[in-house]
Amino acid sequence: MNLPSLAFGVILPEIVVTATALLLLVVEMVSRPRRRLGQTAHAPVLITLIGLLAAAGLSLTALGGPMAEFQGMARADDLAHVLNLIVLGAAVLSVLLAWEYLPRFAGLSAEYYALLLLAVVGMMVLGKAVELITLFVGLEILSIALYVLTGFDRHHVSAAEAALKYFLLGAFASGFVLYGMALLYAETGSTFYADLAVRGQGGFFALTGLGLLLVGFGFKLAVVPFHMWAPDAYQGAPTSVTAFMAVATKAAAFVALFRLLQALPAVSAASWAPVLAVLALLTMTLGNLAALRQRSLKRMLAYSSIAHAGYMLIGLVTGTAAGLQALLYYLVVYAFMNMGAFGVVAALEPREPAALRDAEIAAAEGLFSRKPLLAVVMAVFMLSLTGIPPLAGFFGKLYLFGAAIAAGWTWLAVAGVLNSVVSAYYYLRVTVAMFMKEPAPTPGPAQPLLADSLALALTVTVLGTLLWGLFTGPWLLDLSAAVAGR
Amino acid sequence: MVPTTYYLVLAAVIFAIGALGVLIRRNALIIFMCVEMMLNSVNLTLVALAQQWGNLIGQVFVFIVVAVAAVEVAVGLAIIMAIVRHKDTTNVDEINLLRG
Amino acid sequence: MDFQTLPLLSLILWLPLAGALLLLIIFDERNVKSIALAVTLLDFVLSLGLLVGWVNDGSMQFVEDVAWLPALNIRYHLGVDGISLFLVLLTTFLGPIVVLFSWRNITHHLRSFMVLLLFQQTGMLGVFLALDLVLFFVFWEMSIIPMYFLIGRWGSERRVYAALKFFIYTMAGSALMLVAILLLYAQTGSFDWEVLRRTPLSPALQTWAFLAFALAFAVKVPLFPLHTWLPDAHVEAPTAGSVILAGVLLKMGTYGFLRFCLPLFPDVLPTFLPWIAVLALIGILYAALVALVQKDVKSLVAYSSVAHLGFVMLGIAGLSSQGLAGAVLQNVNHGLSTGALFLLVGMLYDRRHTRLLAEFGGLWKSLPAFSAFFVVVAMSSVGLPGLNGFVGEFTILLGTFQVRPVWAVLATLGVILAAWYLLTAVRGVIYGPLTNPKNATLPDLSLRERLVLIPIVILCFVIGLFPNLFFARINPAVEALRQDATRSAVVWQVPSR
Amino acid sequence: MPALLPTLGTLILLFPALGALVNGLAGRRLGRRGVAIVANLAVGLAFITAVLLFTGLNSLPPEARHVEVTLWSWMHIGRLQVDVALLLDPLSVFMVLVVTGIGLVIHLFAAEYMKLDDEHRPLDERHYGRFFAYVNLFVLLMLVLVLANNYVLLYLGWEGVGLASYLLIGFWFHRPAAADAGKKAFIVNRIGDFGLAVAIFLLFALFGDQAGNLAFPALFAQVETLHPNSPVLIAVTLLLLLAATGKSAQIPLYVWLPDAMEGPTPVSALIHAATMVTAGVYMIARSFPLFELAPVTMTTVAWIGGLTALLAATIALAQTDLKRILAYSTISQLGYMFLGVGLGAYVAAMFHLMTHAFFKALLFLAAGSVMHALHGELNIDRMGGLRAKLPTTYRQFLVGALALAGFPLLAGFWSKDAILLKAFEKAPLLYGLGLFTALLTAFYSFRAVYRAFYGQPRDLHLYEHAHEQPTGMTGPLWILVVGSLLSGFLGVPAGLGHRMGLAASDRVGLWLEPVFHTAAHSEHVTLNLELTLLAVSGAVAVLGILLAYGRYVRQTRWTLAVQDALRPLLPVLEHKYWVDELYLAVVVRPLRGLAQWCYRWGDQWLIDGMVNGLGRVAATVGAAATRLQTGLISWYALSFFVGVVALVGYFVWMAAR
Amino acid sequence: MSLLFFAFLALIALIGASGVILSRNAVHSALFLLLNFVVFAVFYIMLGAQLLGVVQVIVYAGAIVVLFLFVVMLIGGDIGPVRSGLRRYARWVAVVSMAVFLLIMVLGLARSLPPDAPAAMAPEAGSVQVVGQVLYTTYLLPFELVSLLLLVGMIGGVVLARRYRSPMEE
């Protein structure tokens, strides 16, 4: 036992975030002030933000550095660093969203942020894991933290319902993930990817195991037909959580799935790529079609997020470095535009929640007349989600579809662009409501709540949506090493 | 010596029974029990495989799964309690406010 | 000043956007109009600089070419040649006109309106200047956005339907073009127009890419039967929007054919161009007929656009020198005359808040100046020789006749119909007794409205009488284009010059 | 002097252009007097220039009377090299003289006439200026038409005069009939223009390599390379003929001209009688090298001319509107001209064109005077006995009618006879047709004279208020009277002229000789034949006049009996053979119906239905997709599990392979 | 002999499992679950995983099932219709797809392992010491992560299960 020999540097950002969570709990425990609902607690938020930013800083400095491993279980490579940055960034934005939003319904802010931080850790682990048990634990950490966060607004029945659905189905899915892992173990007698790569034969165990793992991650990614929980959970959860889930969980799950797919060279891409392609097609098509008829803004965005998972799957289908880069690029872009869109939803939510904590699309009517800037910002997000240049969403799709076509998946790219057209309709409906309708005279929808922190988050995201595509490309990193699985 | 395959098949059957339970029962608690049963059957698979491969990885895995299951139960039951507070039921058919 | 090294194109391209940003930050709402006008005027003056430094050799001029997004070898590549030159000028020319027109009649959110107009201008200029396919596509799609909002917010009754239809229709059309662009890239490793036109492409790729590009452009033009978005969009849009839409936006489609479909996919042109021509022909006759029975003046003008653009497409599909050059010029002509028609209809609408033919009649009595302009502009649209429309139509038909006489003859029938429907409009609006008392007391055109129309009318005459000023700059580019388009290995009867 | 010709050619266009511009833009500020001065000055200067042109050209040897002036290059694309270029040759200068000469007279008349509007109220400055801007514009474009050195510029003039005609017919814009008539004129003309356009395309296709400028000399030099009667040439000429029938109101496109009488009377005189409508004749004459090589077309032209002459004359018999009678008479006379060019008698046709310009302008302007005198009344059934009230106008009208009727020694006599002579030589059938038409012409023109000026006033109220027109209006007409009386002597057949010792025999033919080279093939007509035919024509004209006298002044029983016998025909003639109705039923209505159908069913139902249907399908599928989202956990789990089975099944299948 | 024993235990396990999903009463389900868990503990020991056998009894049987029972008692046993609200065809789909799944898995599992006897494990392999050793060395990371997981569970429990009070008092 020689502890100093352990490469803690590999998991330093995770340690920082964990420590922040613990610190948060301790501080809260020591100095628990009596707070009324509606009062904002600044200390936990600031601590959280500092922790997240510190971890992000660590990941950023590590970027481009040599690959390192922690006992063959966690691998710190550029893929992991990029994922960390995405997850941490999403978390920061989510915290900004929650800052003034959370006190509307909950006083337990320290717990909230602690759970958020721990979910972040889970996701970061997911991104680094190169061993099945680690992967499983990471997955469970993030899942369970998110179950709780989904139901965090205990006074609200839809939150509880969302949490229950998410939880029951999540646990159900965990069973399949676990079974899949067991079968991989059956194939190779090991849980280390390194061993899987060497010993995997591509027989029944390997293929079925991979299939079951696909199912499990498909669940996390809300891939059709494993998506059904998503609209409900997204709608019921506090908006700050929804936004975080939609972005960060996806990112982590994608990276984990990517690593898994690369871990079994014996199972050729020819066997799983068509499956993923079909799933991608189903996912984007169903997501977009179902979004067409939604009246709730949040639920519409939930379906939209399903559809976007479909687009992103294309990046995995290709199995190329270009595909992965496009996928990561898209995740960044998606983080900007989706977090932003949910930020506006948070602003539009009624302060006295009805049965469903929800912003109807109708709530946005005449927004341009009431809050022009907010409407413009939302329009930017909507158009970016549609994939209209020069917004970042377009470039995300450009790289994704480009990678698909370069890898020979032209039909998938065609499906993708056609889906974008379908999606235009429901995104535009929001702009129609905001710009082309006038608010009902009486009783008009409440004035949107636009706190400073939310404004900051929206500024960041809208700038990102506007400029990211124009001034950056997916050449951020050479990820071919990650693609090779080494 | 019982062949490992027997254990695997038994585990698969119990896994399937658990899954079926999830599909056809309407009591959230029982659904949850079925999920636990599924996890358990995988545990059995892992332990059997550990013996098959002659290493401890499977056992370690199960150890950790047990811990995970415990946490899941704690959180899950809390969530079910939360629902019961609002709706006074564990019948999942009545929990469909969110749909469409 | 050395015009060829100055980044003139970038200046022209980005000035309106910069102006839009300026409008967003200035404090005083009253200055919005003046600034918008100043910006568009300055942009026009800048674009005139293109004529000063022009080298008439058919190649790209004022080229700017720097790496933009190296990941996919996407470049910021701008250039202008005889084909795009006058479209750029048309765009910058119409800029101040629509700003001036909207001076009074946009009563709410003027600032946003002007911002969108300027934004729109950058988008359209970008389409005409971009020589990188991705850059082109970015501008192409970008130019939908402001128009969508212009229609949707400032339009008339069915504006939401029209705006959505416009957006989704055009986006659907161009969706597959993106795939085609990426396919081209996958095969050649470049998005650059200059590279692609020199790279031989496989026949299959040419086929699919042509179809995808053509679909996008055909929707924009619009080519029959993809035209139904246009009457809706035109009718519902505010006047400035209709002017931009008819004046410039539609030209993006025909320009796309000229710039991309012809030079990049020469091998499949013999297969597809006849079909394009047939559609154009149907469009000419069909839209003219439909225009005949419109009750709404604006929708009549909208259908006339379809018919007129059919001529342009016919000229393009014939691949003759005269047809192509005529098509290029006819783009400009249509922009001017239909733009002016929309302005006139807009002036009517401002006065009466209706556009139904039945509501008018005998306006010559109360609005003599308006009527005079209306007649001149209608005649320009009818294709009266001496005015601009004739030069374009005549050269197109003459050129087409050299290749496909039957097409040309049938299309010439469309000229008769054009006279019919436009004179029906003229007859309905300004002729006849002044039966509706509401029309009796309308004020005639104000100085501002005259200022809007006079430059257009003057230009109509200039083009009609001295088209060689334009052809001289168009011809070399057209010849270069013909060389590209006919380099095919396929046996293809090349029309003589 | 010859060196100045190009400058003169430019100037002659410049004057009316300036006139139109000044009157159009500043008409209101100039006042009526200023407008009239500007307009008349413009045309007057143009006329002077035309005379100078004539003398200048005349000073050249005949074979050198051919000056091409390129003003600027117009459309140069590839081998298309069209310029704005003028051709000064005897033919064009002849036309220029007619246009500016008659134009000047009519301008002078109009300066007075247009002081009142159609309802006999003073016309305000703005519209007065507008009117003269239009007519100056017309003169400009007509000059462009006749001076153009290529088909494209000719086309410009061709459509341009159509525009002027459209604007002037609809000058009283508030009158629905006027507005509709203008529109009809333009559209019917467009149908003809279609022919001209396609002809140009075809010519370019044939000769574009050698004659890319489409100029007449260059083209005609190339025509020689074609075989006579080659199909393309027949096509070209038939298309040109189509254009000519439109502009010159021949079968089948004559229907617009009677309606065009809605325009102010000076317009009817200038455009719809004297000048514009003759453009078709001019154009065919100008293109004679093409037509010569297409005898089939020539025959067609002749027959169209002959039949139109007859048809229009019969219709004129039954009309009661004075201007309409004149309009049909114009159509009929244009038919003669077509007959002439169709038979190769270009000179005769041009000669008739000129004389017709004089007497028909005279008739129209005189009719205008009558109309003014009667406060806009044009129905001859309500006139009668005006001779006493309007003596000057009566005399002027009478001269015009005599000339039109072909009364011996008057203008129409000579020119009509020149054509009939040719017909007699070449196509006796057509000669008979022409002669019969001449009889009808004499009859209907004197029917008008007698109905209007003789007998008892049929509407006393009108009669009471009738008054002679001021000299500002009647004065200029005397010029036309002189022309109608004497211009015929410019074209006395050479042989006869020689015998009569006339110094000016066949002046027209001589002047046009360099263009048509006619001298070569009109030698063999004997003097006797000439004289016989002249006598016959004269007799026919007198007979016609007498018949009219008998019917309308004497009311002899047998003429009434004849009329009774022909009564069944009357409705046919009154309704102008129902040609308008036929066109409406066969062309206009079906097209409008088709248009309506295209719009309703094609655009709105089929195309838009498909577009919106696609959207609706998406929405329906979307609704179905959301129905899957039942909110039930069991259902969600089932969906999940089905997915698992499918996926695992696939992978197991992969493993088994 | 051991095969017979295995068959016997398997039968009990299957009865337990079926009992869970077939009982009307949630209490009975919990008890059947307990039966199932205990049988599994025996299997573990049979497979040489002594520690796990004990853990199984303590954690699953002792803690989890008791927790279940506790909650069931708290909220009242649910004696209602057994089956979920799925439509009839959906239930058939569920059963059929289950059968397919089972068929696939059983066929696959039965064929995929080498028929030879498993490698013999050291008798002490499943003991506390050995397992602990591995856990704390090779699998240190997941093990530590499990502690985080427990923390999450703890916070979650606190957040979700505290008494419901009016929002303003929190």
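Here the chain labels run A, B, C, D and E in written order, and each chain numbers its own residues starting at 1.
By definition in this document, a contact is a pair of C-beta atoms (placed from the backbone, for glycine too) under 8 Å apart; a residue touches a chain by one contact, two chains touch by 3 or more.
Source: prediction; values computed, not measured.
Between the contact lists of chain A and chain D, the overlap consists of B, C, E. Path length between chain B and chain C in the chain contact graph, taken as the least number of steps between touching chains: 2.
Taking the mean of each chain's C-alpha atoms, the chain closest to the overall C-alpha centroid is C. Each chain gets a centre from the mean of its Cα atoms; the one farthest from the centre of chain E is D. Contact analysis places B-E first among chain pairs (by count of C-beta pairs in contact).
Ranking every chain by how far its Cα centroid lies from the centroid of chain A, the top place goes to D.
Here the CA centre of chain A is 43 Å from the CA centre of chain C.
Distance between chain B and chain D, defined via averaged C-alpha coordinates, is recorded as 97 Å.
Here the CA centre of chain D is 102 Å from the CA centre of chain E.
Centre-to-centre, using mean CA coordinates, chain A is 26 Å away from chain B. Shown for chain B are the residues that touch two or more other chains, namely 8, 15, 18-19, 22-26, 28, 31-32, 52-53, 57, 60, 64, 68, 71-72, 75, 79-80, 82, 85, 92-93, 95-100. Residue positions of chain C touching 2 or more other chains: 168.
Shared contact sites, meaning residues of chain D that touch two or more other chains, fall at 615, 626, 629, 631-635, 637-638, 641-642, 644, 648, 652, 655. Touching pairs of chains, sorted by label, consist of A-B, A-C, A-D, A-E, B-D, B-E, C-D, D-E.
Looking at the complex, you find that chain D touches chain C at residues 72-80, 84, 126, 152, 155-156, 158-160, 163, 166-167, 170, 173-176, 178-180, 182-183, 186-187, 190-191, 193-194, 197-198, 200-202, 204-205, 208-209, 591-592, 594-596, 598-599, 602-603, 607-608, 611, 615. Interface residues of chain A, counted against chain D in their complex, comprise 164-165, 168-169, 172-173, 176, 202-204, 206-208, 210-212, 214-215, 218-219, 224-226, 228-229, 231-232, 271, 275, 286, 288-294, 422, 425.
Of all the residues in chain B, the ones that touch chain D in their complex are 19, 22-26, 28, 31, 92-93, 95-100.
Interface residues of chain B facing chain A in the complex, by the touch rule stated above, are 8, 15, 18-19, 22, 28, 31-32, 35, 38-39, 42, 45-46, 49, 52-53, 55, 57-58, 60-61, 64-65, 68, 71-72, 75-76, 79-80, 82-83, 85-87, 92, 95-100. Partner chain A is touched in their complex by these residues of chain E: 105, 108-109, 111-113, 136-142, 145-146, 148-149, 151-153, 155-156, 158-160, 164, 167-168, 170.
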